[in-house]
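What follows is a set of structures to go through.
Presented sequentially are two complexes of chain A, the first with chain B as partner and the second with chain C.
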Partner chain A sequence: MPRATGFFFLAPAFFFIGLFLLFPFIWVFIISFTNVALTGPTALNPAFVGLENYVRLFDFSRWMRSGEFGNALRNTLYFVLGSAVLGQAPLGLAIALAFHRRRGPLRELVFSLATMAWILPDVAVAFAWIAFLDYDFGTLNTVLINLGLGKIDWYFQHPLVAITIFNVWRGTAFSMLLFSAALGSIPPSFWETAEVAGASSWQRFKDVILPLILPHILTDLILITLWTFNTFTPYLITGGGPFFRSETVSMYTYRVAFKFLEFGRGAAVAVVMMAINFVLATGYLLSLRRRRAYG
Partner chain B sequence: MRSARFVLVRLGFMLVTSLLGTFFLLPVLWLVTAPFNAQATLRVEWPSPFTLQNFGEVFRNTFAIRALFLNSILQAGGTMLGTAVIATLAAYALSRLEIKGRNLFVYLLVLFSSVVTGTAAMVPIFLLLYYLRLIDTHLGVILVLTGGLLPTGIFLMRDFVESMPRSYEESALVSGATAWQMFRDVVLPVLRPGMMVVAVWAFVNAWGNFLIPAILIRSPEKMPAPVAIYSFYTEGGTPVLTLVSAYSLLYALPVVILYLFVNWRYGFRFFGGIKGGGK
Partner chain C sequence: MRKCFKLLFVIGLSFALLGIATFAESIKLTVTSRAVRGGVNTLLVQWLEDVVFPAFENWMKEQGKDVVVEFIEFGGTDEALKEQYALDLKVGRGADILGFDGFWIPEFDAAGLVKPLDEIVGPSIWEWEGWKHIPPSMREILGYQGKVYGLPLGTDVRVIFYRRDIFEKAGIIPAGSGLRWQPRSWEELLDTARYLKESLPGVIPLQINAGTQMGEATTMQGWFMVLLGTGIHMYDFYSGKWYAKHPGILEALNFYKTVYIDEKLGDARTQLIPGARARTFELFRDGKIAMLVEGDWFWRSVLAPGSEWGLPNRNEVVDWAMMPAEEPGAGYRGQNFVTISGGTGFILNPNTKHPAEAWALMGFAFSREMQLEFQKLQPRIRARDDVPVIGDPVMSEMAKALLRLTTVRPMLPGYPKISYEAQLMTERVVAGLMTPEEAMEAYAEALKEIVGEESLIIVE
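So, the complex of A and B:
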């Protein structure tokens, strides 16, 4: 293929990625040092305010109060740890392992249901989960009562737990599909050798399978961590409430920028969010590289 | 003894996996029962009295129907076309130009798009569209969605391109085809399954997205379904359950149908990045 044609083919992609990913990424830094707003006195003549937006964000005297940035950051930490790292990844791996080299209607059913949970529209699943978690009529409490465990007031008592369970339900399919494909790419001889050697299934998993799929586990963890960190869908279920007890950083940004319409402050939150994302991604990438070098 | 143990293991396996299936099924059951119930509550129960009136009522809300059958289709359709075409061109060029480190490049691009995403990216993107005068336009929504989906679209497309033998193109060129003819008549037909996968994936993503149209669209006549659904609320601010559930079901249906289609035609599985050991 001639170089000129090639670059002609690449141009639209570069245009989009440049305008809607790269440019916003750089511009958000600049906005975060201004008091841009769509309403009020600074709407027409935004001014540079230096670090003011950041100083307000990291005002430690009120950081952890409800509705403040620290509170949202702590909630996000629990949410990401619980739903992505401890929820989606292990559950996805477990399902992939359980159905490895098995066919049949049960596999088809579990895979299809999990995938549906993943791809159905945000708003539709949000309404379904509002019904599912309802104190008086919700299916979850009905199940708990029938198991003799009693009702739980998910929205008022455990809003953060509720959106964590929701997100496990919503996102496990990605890990499941990724690990399923990864396990499928391991040559059958690897499984058989271990079987002949008389290894128990746990040993076989730990010594043979785990090292082989480790790069995929890291890739999975990077992506689901970032996605969970940035997801906005739980807002449609709890609205971040009650009293900001399930507000994550993503919802906090939304509130500051699009409810209060303070774009300068919103941009400062966005910069901090992206910085955290970058640290996470780099951390995973480095461990991925180290694994490669030794493995 | 061995066979008894085998049966036990087998039963345990079926029990655990059935529980898993139940976990994924239970939360959405309400979307299937409530729309047909004349007196729907938040409880999942057999519709009684059974009715199709809820759908009739939904169809009388012209604003919501326009949102679903015009605006959502325009925005998701535009995004689908844009993403599939541009991702295919880019993935093809990246492969055939033999650019060194292109795998790493695409991988980093996917990572980067996962970092610059969600509400964090919406702050500058909203202002960008504001200055470009694209706020409250279908085009604005389509452009932003396409920009966000492209890196992963290219990532998905890559495997299809890489697995296409170069001899196809060489023989076309030898027989005197121009580069464009070769691309149109030889490359595109071979890449069609890949384009289908990327197109369906982009459509489903754009169709289900709430945040981007919620922020970018202001006027009611341009709102897509996920925003318009909030018109089925009473003045007191509580959802009318019969209508919200019926509308949700209509809105979710295309995604279910597309999934079943892709699963039947191609088998729903992962294409990108696995074959090369995660590179």
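So, the complex of A and C:
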């Protein structure tokens, strides 16, 4: 088939990708250099302001202040490290390992509950968590008081910890399912050989399982890092507060673009976010390519 | 071929029927505001849906017009409503009549999102009988640069609301004496709070709004009420400049620091959590807050018996006092007491498809008769001078004492942003993130960015 025919068939796809992906991207990039706003004088007469929005974003003299970009970036870093890298991935792996080569009601129960937490609608889940961790009436604090432990002011004293725990609960299912599938793909003969050789369970994990699922761990980490970086659900719980202590970059973008209605500045934050996503995604694609080369 | 004709005939007929249906369809008007039946501003919904709309529909019918009016409830915060309006108006949508806060007008007008009434409907609006009863000061509430964008439901004032029952329990007022409490300076106010803290643990003595969670409620009920007591306003109307650094700002911030940080006379947590305002209302209703600085809306809508946070015995357990200046005579314009007014009302959506009918509805709702109906549900200071405050001596008294002392926010497109910076400044102090000096420094820096250095007043 001639090349031109191939392009002809691809044209609709290119058209839609261009329209819905490339065009908005370029548009956001362009307005990030303007002072376009939805209200106020610059809404009617926007002007190009060069790099001003970016300079403002990276004004290091105040960037760690509450409500500033650096503060949001640091919170995001803790949030992603805590909930994705240290939370979801190890927990998902642990559950998958615990039920590997096992059947039975307990496995079904754990898998169903974890998956449920993953697929329930955001708003319902957020509401449940507000009720769960509330200082005065929350379920958790009621339990803690009855155990004689005293209550904890989750959303006020430890908002970042609270949304981190929430996100672990919310997203562990993905890692669990991915690792479960990865473990299932290990040929049973490997296990039997290891058992015959008298390997302890730790040795089996270290020398058989880990090398075989390492690429999957990498895939998992990069995917959940990307998702956690962009997630907005915690906003429904803490609103980024109190005093911006749990504000992540996606909430910051929302605040600038839709609460202050400053689209120019909001676009600049979005471009920085896209750049970070781009780096993460590139890492993901490169690791996939390397895996293909070895595998 | 015959089949084809048949098909064309059917299609043609359906279009014709559709056309007739559209032609005969009644005119539908929509009104929206931050109000929910049984929830926030429930009395507004009751007045509109139960009184105004049926009467208006009848009146239109008499003129041979079939008009149906629908109220769209909005249950979110004022800030969320403003966001919704900006997005709706930008794409040419939204309800025909919008419940609007006066201070949003300049910002929306500068963006071309709202228009004066006579530009939307035509000069015929000036024939409405109500204008001669709405004084200029009231027209300015939803006005900007001499133009009128809508009609205000009324204006308001701000005071300290206190719980008589708590004060009597603490022995500040002798029980059953009918005596009232009125502080003359910040020190007297703080002393009362200190005394309450000591004698009644478990009761928060004083809440004065701070922080960004409270939104404009922080600026109006909190920041302005303290700042005006130091003798300055946020904005100097004569020079057209903003106070960015001033000893008054520092004194006001130190007042906050005393209340929330140094002596813990107020509870900072309640100010800073999501849903802070609703939580405050709840605590006051439950007798857990002794003094709260709020607008008269709090009295006539929030605490009104039957409302969401209503107190059946409101008139017995709640009383009010004027907010004192730092020292007698040290307040704004040399006053002993300070307050500030704002106002909300209804504007016409420039995108309305039925401007004449929409304006007719507004004029009808703001007729003397309909406003008197509203007074029966919720007595307050109304925009029309022929509609007195009836049946609520507390409201009349507040109006009488404070309307002559009041001031307003500057009607400028930049105000909402600066207001947010003021909220942020108080938040940084009450959360213990910054000292008053640092917070003022950051405020001045932000103002410089918003309006430029030449529009700032800096007094070290």
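In the analysis below, the second predicted complex is superposed on the first by the 259 of 295 C-alpha atoms of A that agree within 3 Å, B and C clash if a C-alpha of one lies under 4 Å from a C-alpha of the other, contacts with A are read in each partner's own complex, and residues count from 1 in each chain.
Heads up, the rule we're going with is that contacts are C-beta pairs under 8 Å (C-beta built on N, C-alpha and C of every residue); 3 or more make two chains touch, one makes a residue touch a chain.
Fair warning: this is a prediction, and the values are worked out from it, not measured in the lab.
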{"item": "First (chain B), second (chain C), both or neither touched by A:Y254", "value": "first"}
{"item": "First, second, both or neither for A:P121, with chain B first and chain C second", "value": "first"}
{"item": "Touching partner for A:I163 - first (chain B), second (chain C), both, neither", "value": "neither"}
{"item": "Chain B versus chain C as contact partner of A:L73, first or second or both or neither", "value": "neither"}
{"item": "Partner chain in contact with A:A89 - chain B first, chain C second, else both or neither", "value": "neither"}
{"item": "If touched residues of chain A are counted for chain B and for chain C, the larger one", "value": "B"}
{"item": "Partner chain in contact with A:Y155 - chain B first, chain C second, else both or neither", "value": "second"}
{"item": "First (chain B), second (chain C), both or neither touched by A:L106", "value": "first"}
{"item": "Which superposed partner A:L177 touches (first chain B, second chain C, both, neither)", "value": "first"}
{"item": "Partner chain in contact with A:A37 - chain B first, chain C second, else both or neither", "value": "second"}
{"item": "Overlapping contact positions on chain A, where the chain C interface meets the chain B interface", "value": "38, 258"}
{"item": "Interfacial residue positions of chain B with respect to chain A in the complex", "value": "13-14, 16-18, 20-21, 23-31, 34, 41-44, 85-87, 89-90, 92-94, 96-97, 109-128, 130, 143-144, 146-148, 150-151, 154, 169, 179, 204, 207-211, 215, 225-226, 229, 239, 241, 244-245, 248-249, 251-252, 255-256, 259, 263, 268-270, 273-275, 277-278"}
{"item": "Touching residues (chain side chain C, partner chain A) in the complex", "value": "79, 83, 86-87, 90, 107-108, 110-113, 211-213, 269, 272-274, 413-414, 417, 420, 424, 427-428, 431, 433, 442, 445, 449"}
{"item": "Chain B partner contacts - residues on chain A that touch it in the complex", "value": "1-3, 5-7, 9-10, 12-14, 16-17, 19-21, 23-25, 27-28, 31, 36, 38, 95, 98-99, 106-107, 109-117, 119-125, 127-132, 134, 136-140, 142-143, 166, 169, 177-178, 180-182, 184-185, 215-216, 219, 222-223, 226-227, 230-233, 236, 250-251, 253-254, 257-258, 263, 266-267, 269-270, 273-274, 277-278, 281, 285"}
{"item": "Partner chain C, residues of chain A touching it in the complex", "value": "37-41, 43-44, 56, 62, 65-67, 153, 155-156, 238-239, 241-243, 258-261"}
